[in-house]
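What follows is a group of structures, each given as structure tokens.
In what follows, chain A forms one complex with chain B and a second complex with chain C.
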Partner chain A sequence: MTDQNRFEEARRRFLKGAAGAATLAIAPGVILHQVARARPASQPASSENRWGMLIDTTKCSSGCDACVRGCQEYNGWGDNEVHSDAAQKAHWIRKVEVRNRQTGYTHSLPVMCQHCKYPPCVDVCPTGASMKRDDGIVLVDKHICIGCRYCMMACPYKARSFVHEELHDQLPTAPRGKGTVEACTLCVQRVDKDGPEAVPACAEACAAEGHNAILFGDMNDPNSKLSKALEKYGGTQIREDLGLDLGVRYLGI
Partner chain B sequence: MASPLRSILAVAGLGLLLSSPLAGAGNLLPEIPKAKARVSATQGCVEPTEVMRHNHMKFLLHHRKEALREGVRTKKYSLMECINCHVPDPDSPQAVHYGNPKHFCSSCHTYAAVRIDCFECHRDTPLPSSRKSTSASGVTAPVTLASGVDAHALKKASSPAEEN
Partner chain C sequence: MTAKVHYREIVQSGTGFWGLLAFLGLLIALGLFAAYNMEHHGHWITGMNQQIVWGTPHVFAVFLIVAASGALNTASISSVFGKSVYKPLARVSAFLAISLLVGGLAVLVLDLGRPDRLIVAMTHYNFKSIFAWNIFLYTGFMAVVGLYLWWMMDPPWQRHYRIAGFFAFLWRIILTTGTGGIFGFLVARQAYDEAIMPPMFVIFSFAYGLAILILITMAAMKWTGRPMGEVILRRLKNLLGIFVASSMYFVIVYHLTKLYITAFHGVERFILLDGGVYTALFWIGQVLVGYLLPLAIVYHPTLGKSRTAVAWASVFVILGGLAQMYVTIIGGEAYPLVLFPGMEISSSYHDGVVAEYAPSLYEVLLGIGGIGIALIAMTLGMKHLKLLPESLEDAVVDPHAS
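Up next is the complex of A and B:
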């Protein structure tokens, strides 16, 4: 028994020491990280950050599509595709109504690119156009996208759409054109500009509507609001069984 | 014996060849619209003009990789900044779209018979000053040029979709 205790004690001491070492190792990292908060334009995105969102579906009301409209307005999609039918039109973000058949409980949630850590769209892309940045944002490099749409097939979240027609007067911050695939960019221009203080257009529109259901932040920073909320409330990944480690987490689904 | 004469003739011929397009038909050369600003008193663009003329595509290619894939958002070689400085505000009477020879990019590309597909996706004008202050909206009516020519028809004619 005493041996057992001694063993436990030694184990604890070892773990404590290890934790101390980890804190020491992290400390300069944290300082560096704080410097990197307002990342200068010349500095590339870094794997020190992993941008993500937590969407509280209990605050999300079923008739509201403010997030969708906010995204459309900021990224310039939706209304300028005049020849595409509803199934062909872009859907960077869409509202999904879910109903439990047994209990009749319904709720509503926005679904967009989930910014997987292990994105299937990147796995299947034959040209390397489908890509994940170091900070976890999954993007399409439309310069080399050939429009094969394998990524659309591979995505379990129906997050990607294809531009079927010529477009004009796109927004400078969101180039998009015929023959390429596109999806939520997590408002990458804002993220590059404002770092952890960035607010994606969907979150901004949601807050303007008074719902505040979408929280953006850095999942790698234990002190970020997002990490704190995830720590406190958990958060579900859609189709967690696929093991894709999503950047977008939900509450109340 | 005849070689000095021949060389004189050759020089004269060359002189004629060179002078004729310059003197007689200046409109054969592209008329490159002036930029809105200068980088400095001595330098117009972000690199000397000659360097830009030869290498702008390399700068853009390099920058697009850095910007999109790495998130480096410097403005120096950004296409958006080229457009902002070299293309008139779409609200102004000088508004032009790519495909119109008066568009900065078109002016040379038409002359050099170069086809690009940048503007299949990228905006070919700055954001109108009227929209810069308000929130950026993607909803736009077709832009008509001052002359009444539909800019989109011009754009369509000059840059076919399939080229990559």
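Up next is the complex of A and C:
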């Protein structure tokens, strides 16, 4: 072994060691940073975040219902209602076709709970079961929902569903209950686990289909992809005139 | 100088009385049977769905609750506004108010998705919700009217009953304002979202409650062989006419408001022109049967003097009231939500189309069960308490008239 070779070997050992040490030093920080952004289970949801979505309807195709199927699969609704007729089955998300009567221009978009900042469903709920978390996600506490359906009368988006029958084989991640009301949760389990990196089931399914029409993120974080997209392209709310300040925004409607 | 009014329990307890109790008991049993099935199986056995979330039970429940506050009116007119003519009916009026409210609330509660969680509604409150206000308004109404009734009936307290009567009157106005507000304060639906709805419900309540009071008084007086003179009948039917005409006036203003504003032309067209069963129920049920026929009867020179005709006028007001509730509640829900004003929308989930709904037998039975509860409470009340006057002859009702 020449001197040159010995030197080369020592240099490599040093570099390996240095790289390992650097990794050891940085990795916990990187991982902890991720965890911190994802909020530990012991911490309540914070108003520092406002989770929302931007749906680009120009990328949304009329025949496609991947988002609906993705939501159904992840949250377990639609298939396990065996007695309810089509009008009675739950719908957490649906595809709506919109046509301009004068011009004939049509477009297609998914409609789900719009996670209003000022939700009428929360206003009218007698027990407080219908509630908005500090981070803007509107949910139903199924333990204190009495099934009065006042929230369904109050929702301008028909986003809420009432469970008309006993359900079996429910998903542990998305418990549902006969006689109570439910709706899109913005895939809250994923949001609580992954924070800003979360991808709701509808957005995931849309991306898998190659459309990438749904962008999830934190509207309160000016550097989030969502905030940047909203800043660049704007974004419209359905029935903006109602002043409810929606968490779901659309492009091209 | 006023003649002393004597009140007496119903002493008769023959076949007619037991037959009536059995019939009303049957209605209640059918209602409970329906409620059991709806709770056991879930609401899929009803005609209600994700579009029509409040169905026929709400038509009966809201009608009974609105009529309850209106039934108190006769007592209020005598205690608050000092019209002594109505005093002999004040006790019946107050007791009927409580009975109707209990019947209506029973239907409302038994139609909940989780009636077993009623206790939750008593322990968790969101004070921005009109339903939460109602829990206090309804129980408070029963307490205030109960107190009013007690002070009217218990001699040591009688000098105070006008105070209780005044509070009961205020309470009932607030209560029905709340009931109308359930719809009037809803921004989501085209048929609602109108400030006129709470006062309109107050006026409706005057008519519905009085119509029920007239029928119950006529039946109770007749079946117990107690005399009823022309004076009280004339006053009651004239009052009914005023309330029905006022109801019609409010309905006209409500529709004119919607008709004037272009954004509401769609829903107006639906209710007034091409809404099928809702249009028919509006024109034939609410307007013809509920307003025009009773008005024609009570102000007709000869029919207005006939007891049978006045009874029919009251029946028509009640049927018209049920039609009005059906059009308001179910018609208001059946018209599609406007997500994109000016656009046509469609989906696999009934967007942009009129919602389909056919009431199921369970819903109707539950509603009728509520009527059974109200009437059995009233029957037992008149049987065991000194509610019904021994006589409603002209000399008793209005000594100055003769």
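Just so it is clear, the second predicted complex is superposed on the first by the 217 of 253 C-alpha atoms of A that agree within 3 Å, B and C clash if a C-alpha of one lies under 4 Å from a C-alpha of the other, contacts with A are read in each partner's own complex, and residues count from 1 in each chain.
Keep in mind that, in the parts below, a residue touches a chain if its C-beta (ideal position, glycine included) is under 8 Å from a C-beta of that chain, and two chains touch if they have at least 3 such contacts.
Nothing here was measured: the structure is a model prediction, and the numbers come from that model.
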| query | In the superposed arrangement, which partner chain does A:K178 touch: chain B (first), chain C (second), both, or neither? | reply | both
| query | Now for A:P126: first (chain B), second (chain C), both, or neither, which partner does it touch? | reply | second
| request: Give one of first, second, both or neither to describe whether A:H168 is in contact with chain B, with chain C, with both, or with none. | output: first
| query | Can A:Q72 be said to touch chain B (first), chain C (second), both, or neither? | reply | first
| request: Quick one: classify A:I146 as touching chain B (first), chain C (second), both or neither. | output: both
| message | Contacts for A:S61 in the overlay, against chain B (first) and chain C (second): which applies, first, second, both or neither? | response | neither
| field | Most chain A residues touched (candidates chain B, chain C) | value | C
| Which of the two partners, first being chain B and second being chain C, lies in contact with A:N100: first, second, both, or neither? | second
| said: Which partner chains sit in contact with A:A154 here, chain B, chain C, both or neither? Use first/second/both/neither. | reply: second
| remark: Footprint intersection on chain A (chain B / chain C) at 144, 146, 166, 178-180
| request: Using the touch definition up top, name the residues of chain C that touch chain A in the complex. | output: 39, 41-45, 48-51, 53-54, 112-115, 117-118, 120-121, 124-126, 128-132, 134-135, 182, 186-189, 333, 337-340, 342-351, 355-356
| field | Residues on chain B engaged by chain A in the complex (per definition of touch) | value | 64, 66, 68-75, 80, 83, 120-123, 125-127, 135-140, 142-143, 152, 155-156, 161-162, 164
| query | Contact residues on chain A for chain B in the complex? | reply | 41-45, 72-80, 131, 133-135, 139, 141-144, 146, 166-180, 188-189, 192-193
| request: Write out the stretch or stretches of chain A touching chain C in their complex. | output: 81, 83-85, 87-91, 94-101, 111, 120, 122-129, 144-150, 152-158, 161-166, 178-181, 238-239, 242, 253
